[in-house]
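Scroll down for the structure; my scribbles are underneath it.
So that you can tell them apart, the chains are marked A, B, C, D and E in the order they are listed, and the count of residues begins at 1 in each.
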Amino acid sequence: MTEQTEPTVQTEPTVQTGTAQPSGKNLEISHLVKQYANADRPVLDDITLTVPAGKVTVVLGPSGSGKSTLLRTVAGLEPIQGGEIALDGEVIASGKSGNAKSGRQQRSSDLRTRVGMVFQSYDLFPNKTVLGNITLAPTIVQKRPKADAEREALELLGRVGLADRKDAWPHELSGGQRQRVAICRALILHPEIMLFDEVTAALDPEMVREVLDVIVELADQGLTMMIVTHEMAFARAIADRIVLLDGGHIVEQSDDAERFFTDPASERAWQFLRTFQFKRHE
Amino acid sequence: MTEQTEPTVQTEPTVQTGTAQPSGKNLEISHLVKQYANADRPVLDDITLTVPAGKVTVVLGPSGSGKSTLLRTVAGLEPIQGGEIALDGEVIASGKSGNAKSGRQQRSSDLRTRVGMVFQSYDLFPNKTVLGNITLAPTIVQKRPKADAEREALELLGRVGLADRKDAWPHELSGGQRQRVAICRALILHPEIMLFDEVTAALDPEMVREVLDVIVELADQGLTMMIVTHEMAFARAIADRIVLLDGGHIVEQSDDAERFFTDPASERAWQFLRTFQFKRHE
Amino acid sequence: MQGAEILLQPGVFPRLLQGLWVTVWIAGVSVGLSVPVGLLVGWLMTLRNPLIRILMRIYLDFIRIMPQLALLFIAFYGFAQAWGWNLDATGACVLVFVLWGGAELGDLVRGALESIPKSQYESAYVLGLSPWQTFSRVILPQAVRRLLPASVNLATRIVKTTSLAVLLGVVEVIKVGQQIIDAHRFEFPTATLWIYGVIFFMYFIVCWPLSIVARRLEKRWAHD
Amino acid sequence: ACGPSASTPSEAGDTASASGNTSATKARSLDEIKKSGELKVAVFSDKAPFGYVDKDGKYQGYDVYFAEQLAKDLGVTPKYTSVDPAARVDVLTSNKVDLVLANFTVTDERAQKVDFAKPYMKVALGVVSPDSKVIKNVDELKGKTLIIAKGTTAETYFGTNYPDVKLQKYDQYADAYNALLDGRGDAFSTDNTEVLAWAKANKGFTVGITKLGDEDTIAPAVQKGNTELLNFVNDEIVKLGKDKFFHKDYQQTLEPVYGDEVNPDDIVVEGGEL
Amino acid sequence: MDWAFMTHYAPYFVNAGYMTVFISFFGVLLAVVLGLLCAAVEITRIPVLYQIVRAYIELSRNTPLLVQLYFLFFGLPKLGVVWSAETCAIIGLAFLGGSYMSEALRGGLEAVPTIQHESAQMLGFSKAQAFIHIILPQALSTAIPGVVANVIFLVKESSVVSAIALADVMYVTKDLIGMYYDTYESLTLLIITYLVILLPISIVGTLLERRFDYARR
């Protein structure tokens, strides 16, 4: 317990993911409108946003502001009712009003693997070992040879410090280990962009650290990422771009994280940041 | 959702709890040894610690270091195997080796009400309304008249901003609201010392805020408190005294919280604090 | 449909209802007696005493693994002889259903008691409640909520299982039906269809409301 | 007292209170029966015209007629318990009733377990089958399915003498008849009186074999060793025989069904003398 | 205890045990198939079918098997439908078991968190691939305890088929009691036979539960 404070970051990336070279494949969200069925107003209203390639975009905002929903529309888990989302110029989702009731979007399998996502709750497949979890999609969806997939899986596991746990079952892992495996499982498909939705919200502080260190490393390699987090210190350290959502609108965007945290442009941002500060005897 | 960032702190305390005046009733823990049955070594080993009256003592430490156990021995939930715990000079627990297997300590009802505790898990009684939860102990343990207990319960609820939820059922409340009710439930017994064990660990950030604000207010009123938390910003703001536990030992104690966070005396404390800091491109 | 008139014959329906009353009576008495037995058994099952544990385990497992009909036979034919109990068929049914209901309910009680989080006991302790206050004000009310839906379902099962009483010769609704079929076998050769059909729905009418109540309770109390 | 009025469950109350009483298996003495004001009799409830429940829910039939007389002479009211054929021995051994009057054929096995009084009826087995395929000879039954009711003489008789007849056994006579009606077996065998009566009422069925096996007698039975009651019943049978009671019984209960096809003397036994 | 009697009649119980197992096996098999279909309809909520399935489940759960059997065996022939006793018994068990199995299987399928579906989708799985490799294994693991309990329940319930003249264990017992009045011995053989049939099922069930309990940890 006490020895794990040493970060697991390896400064020399040994494995090249598909996106190790900033590839210019950025994500463009324009005039996105998202309304849940049976809701009387949109949760996301006219969101326009560029997620630059090779950069880390952190999405902040109070609970219920629509952060998760935004990531889910990008991932294709939610149909949108207006605007469009384009990945590297190719439109991957476009709004049709009236499809609010329909379930997930009909994206091709191929397209879906181009966007990776890790969720807050542990979502490893409990019926597969760590290695099984990581190699399932490449072998079944991408039809890669099993040996090939396993080799890469082991390399990825090594990078997140879990090479020795390859045969463990998910229930034998700590929360932090599970989330690191989930990251490997997404990375093996060489996504062009990775989405992280509060991946450490359910973790103990020390585990938070081990997961965030992995994300920091990915950032350093230039993987395009969109991150929702409540860890302000982490957000401040990793963000290339900050987006503050509130009530389904973008309140503030900034390319200078340091500036945002110390001297935000909007009153709302200032208010939001104050939530994380305490003063006694006020 | 968006308007709740305004802290609910009321600077003018309207209700006097039994401890509103620093009462000089401090808690002395000396040479405390705690070993769980079937464990091969103690989880708390020779802990000596003073929790000064009217002050806030924050206990920090990595997971498994024994923080919860320490609070539980003070609350009488765990028998101790060595040393003693004294409240205002009166010994409330003393170590007997060989009682590791027995359950809770044999404390009188009266003594138990002198120590209040709030846990991490929401532990309201689901079969009682908010008001029922708060008035249960005063009416059946302290035999106070029901009307009297209800009046005070309403005052306390008002202070934590929940007067209008008095008839709600626990399952209808958010996590933050539940924890605030749990605090009221403990306060109505006028405890001489309050123990908080990671009361916000299971909450969303904004709810964290609303609960911690209540605790800050209690601190300002001079309630003696012992707090375990992972919220460093909060710990830094509220602590009069900081205790760092590791592996069942006290590693560092400090009466200067600001100093502890910026320039801790021990290497271990430095290491521990680093867990909460991030740096990119290291 | 030809033959349905049998149901309108004087006496037929009232007699079936009378038979149904016997069914419901057996079930009612069994359920009623199962409650105290179940509470006792449930409490015994939470005890740590190894001997009691083993005894309860054997009791529960035996009752669970033996078909109810076999238990009825054992009670009706076996007990009477072995220990000279003057157990008539109805008594045998009640005995078996109470032993069975008590075991199942006991297990539910145990489960309910054990499913209450430790933190509930601890909060009560810290608030100064005595062990008895803790049990009666905090633990029991919660246990009952967790218990009730499954108990109502158990009651439904007991009502359904009362149908086996006919195989011991108890004159309950099925037996009455058979008597009616027999008495009318010349005038209404298709009586079996109608009488058994009616009995089928009589059971349904008795059990269905119970199922609905169970489901309602389950939904209402799902959150805690 | 709180029990339902339909029938036996009212006894459940007694059972609950008596269940700890281990001496209860011992049969009741004549005095006890008189004192209780009730004679407990096991009869069939679905074997018209011997023991059945009529449209009004009252017990009727040849056996019941006799039971009424016995109770009357004892100065008590009869209380009937419906039995399945297979349960007739057990209701006595476990003292659930005082007397069995349920078309109980005297056999050696049974005589070891219960005490039979003098006979009041005699029967042989009969076999009824559909008109389309009448079984006239036992040998025709080889490899065929014969329906019987459990615990009857037919069961033991075919079980021991004709093992290659496939027996299909039902708990209740009503079930057995229905099975025959629905063509689930090739024939049904039980006491010849019974099948004769049934075939008469059900068109399309004939009793192809009217007499099979030894002629058996039917008698009341009491618990083993209950000589007091046994003697009373025997005395009654002799006494009633003098008034040709069982012929009256026959006229009341059986004749309406059998008509004049059957000679009452083929069935009725008076005074316990064959 | 009359040992000669027991050894002499033990073979009868062996045969009767086969009958019980035979009826139960096919009854359970059909019940699982029926249960799967119903669970599928319930989850997808296909309009008319859904109402039919709900009605069936209510009917099946709230009526005793014995009455169902009487109706099938004695009632239906009056409508010209004559099924053999075996057929009635198997259909009866399936009719009864279908609703219980459906509830267990539906519970299993519904217990798989949405996030598992979503993760599968994000990883590019098609619906069918996700169902086979990810959803079904987890659903089964949650459903197994319920399914095993239902299997035992159905085998036990099968004891009432003796009422429609099927020579199962209960039937033979009643037979022997009725014919030879050796009640103890018959009852002892009855208990042994059911233990021999049901204990292994119960043990295999526990083993299966252990083997597949990953989803519940």
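General remarks:
Here is the rule we go by: a contact is a pair of C-beta atoms (placed from the backbone, for glycine too) under 8 Å apart; a residue touches a chain by one contact, two chains touch by 3 or more.
Note that the structure is a prediction, hence the values are computed from the model and not measured.
Graph distance from subunit A to subunit D, where chains that touch are one step apart, equals 2.
The minimal number of chain-to-chain contact steps leading from subunit B to subunit E is 2. Ranked by distance of CA centroids from subunit E, the top chain is B. Chain pair with the larger contact count among D-E and A-E is A-E, by C-beta pairs in contact.
Per-chain Cα centroids separate subunit C from subunit E by 20 Å.
Taking each chain's centre as the average of its CA atoms, subunit B and subunit D sit 81 Å apart.
Subunit B and subunit C, compared by their mean Cα positions, are separated by 48 Å. Separation between the centroids of subunit A and subunit C, computed from CA atoms only, is 54 Å.
For subunit B, the set of residues that touch two or more other chains is empty.
Shared interface positions of subunit D, defined as residues touching 2 or more other chains, are 87, 90, 93, 171, 175, 178, 181.
For subunit C, the set of residues that touch two or more other chains comprises 77, 81, 167, 189, 192. Pairs of chains meeting the touch criterion: A-B, A-E, B-C, C-D, C-E, D-E.
Here subunit B touches subunit A in the complex through residues 1-2, 4-6, 9, 11, 62-65, 204-206, 209, 212, 216, 219-220, 230, 233-234, 236-238, 246-247, 268, 271-272, 274-282, going by the rule given at the top.
Across the complex, subunit E is touched by residues 75-77, 104, 109-110, 112-113, 115-117, 119, 121, 123, 125-127, 136-137, 140-142, 169-171, 185-186, 189 of subunit A. For subunit E in complex with subunit A, the touching residues are 113, 115-116, 118-119, 121-126, 129, 133-134, 137-138, 141, 214-215, 217. The touching residues of subunit E, counted against subunit C in their complex, run 58-59, 61-68, 70-71, 74-79, 152, 155-160, 162-163, 169-170, 173-174, 177, 183-184, 187, 190-191, 194-195, 198-199, 202. Within the complex, the subunit C residues that touch subunit D are 9-12, 15, 18-19, 21-22, 25-26, 29, 76-77, 80-81, 83-91, 94-95, 167-172, 175-176, 178-186, 189, 192.
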